[in-house]
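Should a chain be cited, it is by its letter among A, B, C and D, assigned in written order, with residues numbered from 1 in that chain.
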Amino acid sequence: MNTVRLASIIEHPKVQNSIIGLIALNSVTIGLETSPAIMSAWGTWLLTIDAVILGVFVVETVIKLAVYRGSYFRSGWNVFDFIIIAIALLPASGALSVLRALRIFRSLRLIKAVPRLRFIVETLLHSLPSLTWIFVLLSLVFYVFAVVGTKMFGADHPEWFGDLGASMFTLFQIMTLEGWADIARTVQATTPLSIVYFLTFILMASYTTLNIFIAIVVNTMSEMQQRENRQQLDAIGSLIADERTDLHRDLRLLKEQIQRMEEKLSQPR
Amino acid sequence: MNTVRLASIIEHPKVQNSIIGLIALNSVTIGLETSPAIMSAWGTWLLTIDAVILGVFVVETVIKLAVYRGSYFRSGWNVFDFIIIAIALLPASGALSVLRALRIFRSLRLIKAVPRLRFIVETLLHSLPSLTWIFVLLSLVFYVFAVVGTKMFGADHPEWFGDLGASMFTLFQIMTLEGWADIARTVQATTPLSIVYFLTFILMASYTTLNIFIAIVVNTMSEMQQRENRQQLDAIGSLIADERTDLHRDLRLLKEQIQRMEEKLSQPR
Amino acid sequence: MNTVRLASIIEHPKVQNSIIGLIALNSVTIGLETSPAIMSAWGTWLLTIDAVILGVFVVETVIKLAVYRGSYFRSGWNVFDFIIIAIALLPASGALSVLRALRIFRSLRLIKAVPRLRFIVETLLHSLPSLTWIFVLLSLVFYVFAVVGTKMFGADHPEWFGDLGASMFTLFQIMTLEGWADIARTVQATTPLSIVYFLTFILMASYTTLNIFIAIVVNTMSEMQQRENRQQLDAIGSLIADERTDLHRDLRLLKEQIQRMEEKLSQPR
Amino acid sequence: MNTVRLASIIEHPKVQNSIIGLIALNSVTIGLETSPAIMSAWGTWLLTIDAVILGVFVVETVIKLAVYRGSYFRSGWNVFDFIIIAIALLPASGALSVLRALRIFRSLRLIKAVPRLRFIVETLLHSLPSLTWIFVLLSLVFYVFAVVGTKMFGADHPEWFGDLGASMFTLFQIMTLEGWADIARTVQATTPLSIVYFLTFILMASYTTLNIFIAIVVNTMSEMQQRENRQQLDAIGSLIADERTDLHRDLRLLKEQIQRMEEKLSQPR
């Protein structure tokens, strides 16, 4: 069987929809496996279905690899698919047993398979690059505050500021404003000046986050507006073009009239 | 009495305003019924008023059904009305006693009856369809994280991740950022890697919610702007049309002048 | 002394600035009075300053009343001023001792006195009317949920849903997402179905609040945009007017030229 | 060595990039110093690197001061740099030991050194001045509520409303909605009317904060839109200019034609 035949089969809407159906079914079976009661009653069935569906996915991936070869990996979505299938094939025992829990990530293949979901995710990812540097800035602020916090409060409050990692987690918690006041009041009891630290951090983090948000809104709006403005400009352009055509016709008629007169004048009388 | 007469009565502003008044009065009496003190003193009165008003509502609905017949159910608001009245007529005892508490839903008929409220609710519902797929995406993310959470933390923290339902509730709680840090710190004590789980979920959920919000703002703004642009385009169009009319008149005058000349030239001298 | 003289004195910038200075000074003295240590040391002085400044404010108000008479109360800001001064003159003893604490409201006169602050507050108040009906809707939702909550959870959780007032407070707390999960989990233990109640309320309240916010943004943006569009329209209008003037001049010249020809032709040769 | 030579060296991209590298390296070493384990193993090395890098920074600053003299301090970023270096040179012992923790602020020099970060920070600072007066208003509201809170609840709840400072901290906590309900419920037990105080404050603070946010969004959008509108206006202007040129050419041709006729008529026949 040649690869063109294979490509037309694997990309056929019916095959694609079956794959979507299998992903959805697999999501349900993996979900059902979380219930011990259902597992003791239907466990063998669920695991069999799971294995069969995984088999289909592997065959699908192998065919696609055979058809598209190197260009398969050029699409980010294919790489995403490939990694999810690859994880499922790893032996999930011993230290890697956590990977069994990650099998549900196969459900995320739905995102690639359903065009509307893929579009939304691509839109979401689209605005990320413009946020890169504001995240770098936020990380810098986090790092500086984490170092200061660890040095100043680490000895007295090791559960919150014991090391850089703990401090960063605490700062992230404070940024979400969850329970920040309890932490601030407790730390203030041992280091009264800490209030400056907490208020500065909350104001800086809120203001920066706010601006991340504003950056996205303004970016999205700006793109939308440019599209609208281009449309409006086209409409105005065609209004002006109409007027121009109109005036040209009138002027041409005038010209012809004058030409006729000119010719008459030139005729010997 | 024919249905046209009935329709003109039931749709008469005075009748409509009386219905609004009765809904408001009924809202107050049902509210008063929540107080045991008031119930022991005025209970019989309140329940009588309640029954009478319900009677009026039933009569109103029956008349409307008689007048509009099948087309009555074509309006979503009528279906809404009908369900609320129907619930009120169900026997509210035994296992269904919870339905007694739902009688207050009759107050929501105010939304249909007061045009301004109806307009706001219609506007709110209007932007929901555009959010359908982003909700599908969010549900998928919730489902995947719930399965992972149940498998990985379910055994150690059954109160939060005992089954899929509990995990979903906990994830919703974390999405609202309420008490997420306590949960994260407790789970981290048994599963150190769980921090990746919590931070990833918070960032993904916040970012997606943020984009739901942005989608609504941008949609609303875009509609508003299209309307504005159309108005501006009309204004520019009429400016250009004015100019065109003006030039045409001038050109016509020129043409007539030339025509007169032409005729003069043609006259035998 | 006639009222015109008085008006020119009371509205004189120097007098106005002195009043602003006195309001600021009074704000500081009332603030200092909250400290028992400062009160025991400087109490007499502070109270004397307080009484003197209040005297000046009363004189200012009396003069303004004498000058402007009935029209004084036409300005909302004057009414605001008057009430604050009036409160300060009430005997603040016994049951009314709470009014002593409200003397600090005099600081709010700064808002009226400083134009920039007054402008901001007027802008803030400006967008309130457009929110009236969405607040009515939100109140209706609150009322309905409060009645349902009181009836269904009141008996088991009187501290949260004991009566309509308690339920409304709890709902407001849930709307701010503060500690909602604890309440929901506790209530769920006695009424498992309550989860529907809490999730529905959170989603409806968030969505409505979100739309309040969006309404303000869109309103503000729309006003701004209309102003911009009007400016752009003016600019385009003047571009078109320029072109029109230009073409008219050219056409007039053409017409004159033709007229000269016509006259030549008419001349008897 | 003359200052022009020095300036070209110190501003050379390679030198600048080395400085950026040193700042990053120093950030890492200061971060590592927070770990006692690493300090006991590599402490001497880390402190040596730290001292050497600080030396380089001091030399850099001295050279820049020598090159630019008075104009060095005209740039806010240079002042920022200078203060950070100056803090690092202060003796960090005894009461000033807290300054050792502030050495990490040197990392913030990255912001100045990396153009993209500097641009973001300048943008963030750019929208601050427009918020000045709304912050003044918010401070006034805070002050008034802090005085009222201290007077009314200070005696019963000294940990929250003991003095003006404590009250302000509590109000800030309430503004972030963190744990506000616990405070409100506790205070309500001793002062039932306090609910008015808390609800009023939350509504006023949220509404004002919301408007701070809206002010930034609208400002940013307005600037963006003015730029877009200007571009659109230019495009429309050039459309109209094209039409004008076109018509002028046509009218000129007409004019020439008529002129030729006129000349012919004038010729003696």
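Keep this in mind: a contact is a pair of C-beta atoms (placed from the backbone, for glycine too) under 8 Å apart; a residue touches a chain by one contact, two chains touch by 3 or more.
Because the structure is a prediction, the values reported are computed rather than measured.
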Shortest chain-hopping distance from chain A out to chain D: 1
Taking each chain's C-alpha mean as its centre, the one farthest from chain B: D
Geometric centre distance via CA averages, chain D-chain B, whole Å: 39
Centre-to-centre distance between chain C and chain B (centres being mean Cα positions), rounded to whole Å: 27
Chain A, residues touching no fewer than two other chains: 177-179, 217, 221, 225, 232, 236, 240, 243, 247, 251, 254, 258, 261, 265
Set of all touching chain pairs, with the criterion as stated earlier: A-B, A-D, B-C, C-D
Partner chain B, residues of chain A touching it in the complex: 27, 30-31, 34-35, 98, 100-102, 104-105, 107-108, 110-111, 116-117, 120-121, 123-124, 169, 172-173, 176-179, 213, 216-217, 220-221, 224-225, 228, 231-232, 235-236, 239-240, 243, 246-247, 250-251, 253-254, 257-258, 260-261, 264-265
Sites on chain B touched by chain A in the complex: 133-134, 136-137, 140, 143-144, 146-148, 150-152, 154, 163-164, 177-182, 184, 193, 195, 199, 202, 207-208, 210-211, 214, 217-218, 221-222, 225-226, 229, 232-233, 236-237, 240, 243-244, 247-248, 251, 254-255, 258-259, 261-262, 265-266
